[in-house]
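Starting off with a structure, shown below.
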């Protein structure tokens, strides 16, 4: 990597810090005691985290978020990859129409289907279950669309070589397409994971049991305490929000390279 | 025979999900939109287009539409322009630009609720960081989230802040795909920076712009979390985006008929927009390299 | 029994125009067939039909005596080397070579042993653990070949396997492929648009144009007795010259035909000569190594002649006379382009100009 | 063994008090388990409950705010508790208001648990620094405005404002004090556009946007106003007596509680919530649930609750409990709400109230932030509420 | 005054190894220079330095008498045709050609007129409104050329402009470029890895290897008197044969050298012959059109000979004797690979074998 003009580098760093300042400050705030925060003094503690995890059950919420986002990611990727493979490699009766139906979901906000989906899942008895959180989230064409664009960039000759070598379509998918789409699949996986991690409106309506709250719902509720309840404990809220942000940041740092590369390869035709 | 049905087997799972959780619900929405129901009554009387009429006659609906349009109209170009500019500055693979990309991308992967919460604090009138800055500079406080003329802009700002990183990364990808050779060619031909940017970069990054435009317009119509956390549509409906209204009508007032009618109208609107977009812009985008 | 028989194969891509217009061929076991033709004439399409990668809907394809129109590629005993190698970038050289065996459920120990043996033949042993990205063009080419060879199939399809190599490597690889063919005794169907490759490698050459098979015969016949103007012009570099018979001074052969003669058949003179000749002016002289190509302008259009080095070269712009031996001339119907005579080599050597064959 | 799933809205200190009550109940009734879940605020509970009905995942017992259970009673979601109440000696111990609050169309649907009225809190320290005595009259709108202005004028530079923007409960209280109502508690007539209502809203809105003695922060988020008061940045606040415990722990000696202003008349709304039972539950569970309800309203439980939170006693015998006696002695002002009871009124609870209360926030913002004329807003709002009431009746 | 002078140009990419190791050249106005060399030898790098696309940090670059190391590309009067054309895909042919003029602020009317005129010369008029995506390879190539021509600069850099074309088009374009050079009188620096192109187009050829300039001279000299084994082997197809002197029967020249002779210089015999010759066995015979290449195995390694058609061809596996005329042989130092003698053509024609020049 090239050495940078130090002045420029400093400026850029400053701009970056300023850009992130709200997040950074909120993390800093999460380590302050409530009293210190309200009186404007400085006094550090880990108590907010203890409270968030202990009293406010954020450990459980974290687990729920991990389970739900994890399942959505894994199942969503599997389903999307299969479909993307078919759309990228086959022309079959109605393939354009079906692909159009998949792409159109990009343009349909999930909110439009909120009420019917709620009723459907209610009828199926799936509200207040992990399945109720996971299943509707998989109905998303973005991953399939994105992966198809990517797979189309993989030379078709590679599949054909594998067919000539004696592979079945499933083998081609597993042994050739998936390994070669790894950056795209990884970045799509992170994208799905993050979207689901941040999903708010659906868990908000689909989950009533506190046991099944995701971090987002837990955090939003902690922030919007009851009228007639304690004042907003900002340091506590910020600790909870840091707990909510942290795993995603860790995940991001881990796959940053793949992500940026994958996005770059897939998103633009 | 097996050869024929193979592709169908591959797309079946996804299509099943999409059918059950997207397309069937749309049909159900249409049905519910012509009924009157509050979840509690055992019956759902058919009322024809009453719910639509109610909506179209209401001040709220048009307000929500207007607010959403303003939001989309300003936030989308703002995002894209800023992102294109910043992306073109961060193209080189130096550690500074990688760091900057990381910093800019971070909000995109950060919890929206957390961002809403943090920015509620940042823009809170009495305790917020913004006003602390302003008073520090000797200026008077601004009621960021209470002033109807300002609150929407605060949301546009926060939304842009959050989404910018994603747009930038996509733009970087698009810009890098243009490759250096065209720039080399332009340099040899005697191009100056601005001219080359306008005549080469902007047109060639069009497919990316189109993609982002599509995604961000959809997103603009889906913004909910930030609104719910920061303003709940207030003050006085100034940030009452369509989806927020949808949630309010459907899930706080439980006017399922009107809520569904709103969903159906939103759906029609978005599909129309998509068609217009692909008619107007889509055509200009497809050239081969 | 023939190895492969094609009968009236036609093919159109959905939404596209027709690509193959009834191709029939009969290929023997162990033959080395080269298919040539200009870009877009349907060579790759034909190969893909043979491989089973595209469905063969019209006509009949028989492989080893069995109708194979609908046989999936996995079930044909065919190995293919793709134009751009199509190596699996995520597998090492060894894995690439062994993959076909793995798919056919050959036990691990055996498939590794076989892959290693093949790699050894191809001198790839030092690179077994590299990924294709870290190989040079020639090495990649050999991996692609090894992948097909490891499977020991009876037929190989090769789609322009040398087109990405530079000249030196190309010559070397050509020799290697020929050796290979001899060792394995397999049937090889080889696509190229390079006429040198076609002539030097083939037992028989199939010349295609716009989805029609123009001629299918040995290199000698193709070169000496091309079926029509297209075949005559396509093979040979620089290309054959075509001149209306009436433009040739002293022409004793038939009139109202186009006369074709290869650049090597022309002799340069600084002064008018007796016998068939054409007056021309030198436009450009190109050195290409051992020979020169002299491009001239004449009444009959641009002509090129090949002159050995050392012979006195004319200046650009100089007026010259090109004499041609009638025995080396071919006559083509001015309208259909078909070659008009089928006289034998003996006659030609006797110096007779091309005579219209009796109808 | 039966398990009663119970939705409530109490976190923090109140939540702990509730947990103690439940613990005691379970100790007494070994065969009953109370599965208590904190759902959110009253709005959240209404929302969740309504959403839960088609999903068939409603709880067995639920805390419902006193004006918003009508919809559920009307739709048959809540069980008619009249037979239980009639059979329970408890009914004679309840205050009148507490009995009345749970009755909708002649039937008893909820039994009150936490009751409150709005009261006026002020910060003695701020008053002192602003040059106001503790006895400053605060009986009328003008009094309130004058005091708030004084505070804002003198202490505004320190970031201190006069009064917190009134929350919805306080607004209702101030309207009642102006001799009007939002919906008439007896006739159910919609009074949103009554002149006195308009006048009251005009006054309240003027605090924020004309006189600027209340921060708009509290307009968009009611809690903000209260939080600012608790943090010592606001001089006065009108809020539920249920905030007493919190206020005194936040401000200690500085907090003072006085009755609601009586601008035209003295009248305050009764707020709080009661516990109802879902009609879909098994009868065995319903029995157990009512046992709990009865226990929660007993003098012992009620005293514990009163002293911990400041919510009003609902049981006439509560005052005799040692905990209550102690609280009354040691916590000045905790009795203000009790003393207001004479002028306290239950509010109407037809189904439309739920809709009306959910819609009022937005309009209040429009008025308080000076977006629209108060009279226009209220006239239109009254119209829509009437239309909605019609629709709901069908 | 020279058009371009390079003095000891060196170049390393950041983090990469050194690519150019001190290249010096002196290019005259109007010269046609071809740079050849194997892939990766630094040809494109050199061109980019000349264009100003990469900074020139070491050595000195003088253009038209002015030091140009730091001159930005816009200020050099240079047009460049990129290896892959680098056409602007969103502009029509006309816009592509006119864009360079637009960048230089030529008024609209004038630049369109000029672009049209150029397009006319290149026979592109029918395609003016098409985008590059809708053009064939050859047409794109001409647009790329037109774009450079419209600017009427004094120097053109062309980076493998023909590498993507098929053989027929390649031959045609070669002629066109030569014509163009003649018309414009501009300096052209042309990169290729195809030796035929190099020899036929160049006024002078620069042969590079691994960032070193091996030889810089006219095609004749490069072909006849290559500076070293690399140059000798790189130009000419099939490549020159190299044999240790001791393996040649009847060799009268110096010993302990490698003797190089082109395939055309060998004559085939069915029986041992007098004079310098090598015994060999035919491995493979390739027909390439007018000639055959006979690949043989000998003690000295693989050899190839070019034989005219019609001469009696040996069978594969037959033992033969290859005679060579000493006058066509070149001697190379066995270790350094440098050519050892510098005798003149007269001597060679007299039949003297290559003699070690006095030290």
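Per-chain numbering from 1; labels A, B, C, D and E assigned in written order.
Here, a contact is a pair of C-beta atoms (placed from the backbone, for glycine too) under 8 Å apart; a residue touches a chain by one contact, two chains touch by 3 or more.
Each chain and its UniProt protein: A = sn-glycerol-3-phosphate transport system permease protein UgpE; B = Sugar ABC transporter permease; C, E = ABC transporter ATP-binding protein.
Note that this is a predicted model, so its numbers are computed, not measured.
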If you walk touching chains, what's the least steps from chain A to chain E? 2
Give the chain pair that accounts for the most C-beta pairs in contact. A-B
Whole-Å distance, chain A centre to chain B centre, using C-alpha means? 16
Could you work out how far the Cα centre of chain C sits from that of chain E, in whole Å? 25
Quick one: chain D and chain E, Cα centre-to-centre, how many Å? 93
Sites on chain A at which at least two other chains make contact: 2, 119, 205, 224
Got the chain C residues that touch at least 2 other chains? 72
Which chain B residues touch at least two other chains? 251
Inside the complex, what are the residues of chain A that reach chain C? 91, 155, 157-158, 160-168, 171, 175-176, 179-180
Of all residues in chain B, those that touch chain E in their complex: 181-182, 184-192, 195-196, 199-200, 203-204, 206, 287-289
Touching residues of chain E toward chain B in the complex: what are they? 48, 51-53, 72-74, 78-80, 82, 84, 86, 88-90, 99-100, 102-104, 131, 133, 147, 151
Note: in the complex, chain D contacts chain B through residues 43, 47, 50-51, 53-54, 71-72, 75, 77, 159, 215-217, 219-220, 224, 228, 233, 355, 358-359, 361-363, 365-366, 369, 371-372, 391-392, 394
Footprint of chain A on chain B - complex, ascending: 4, 6-8, 10-11, 13-15, 17-18, 20-26, 28-29, 32, 92-97, 99-122, 127, 129, 161, 169-170, 172-174, 176-177, 207-208, 211, 214-215, 218, 221-222, 224-225, 228-229, 243, 246-247, 250-251, 256, 259-260, 263-264, 266-267, 270-271, 274
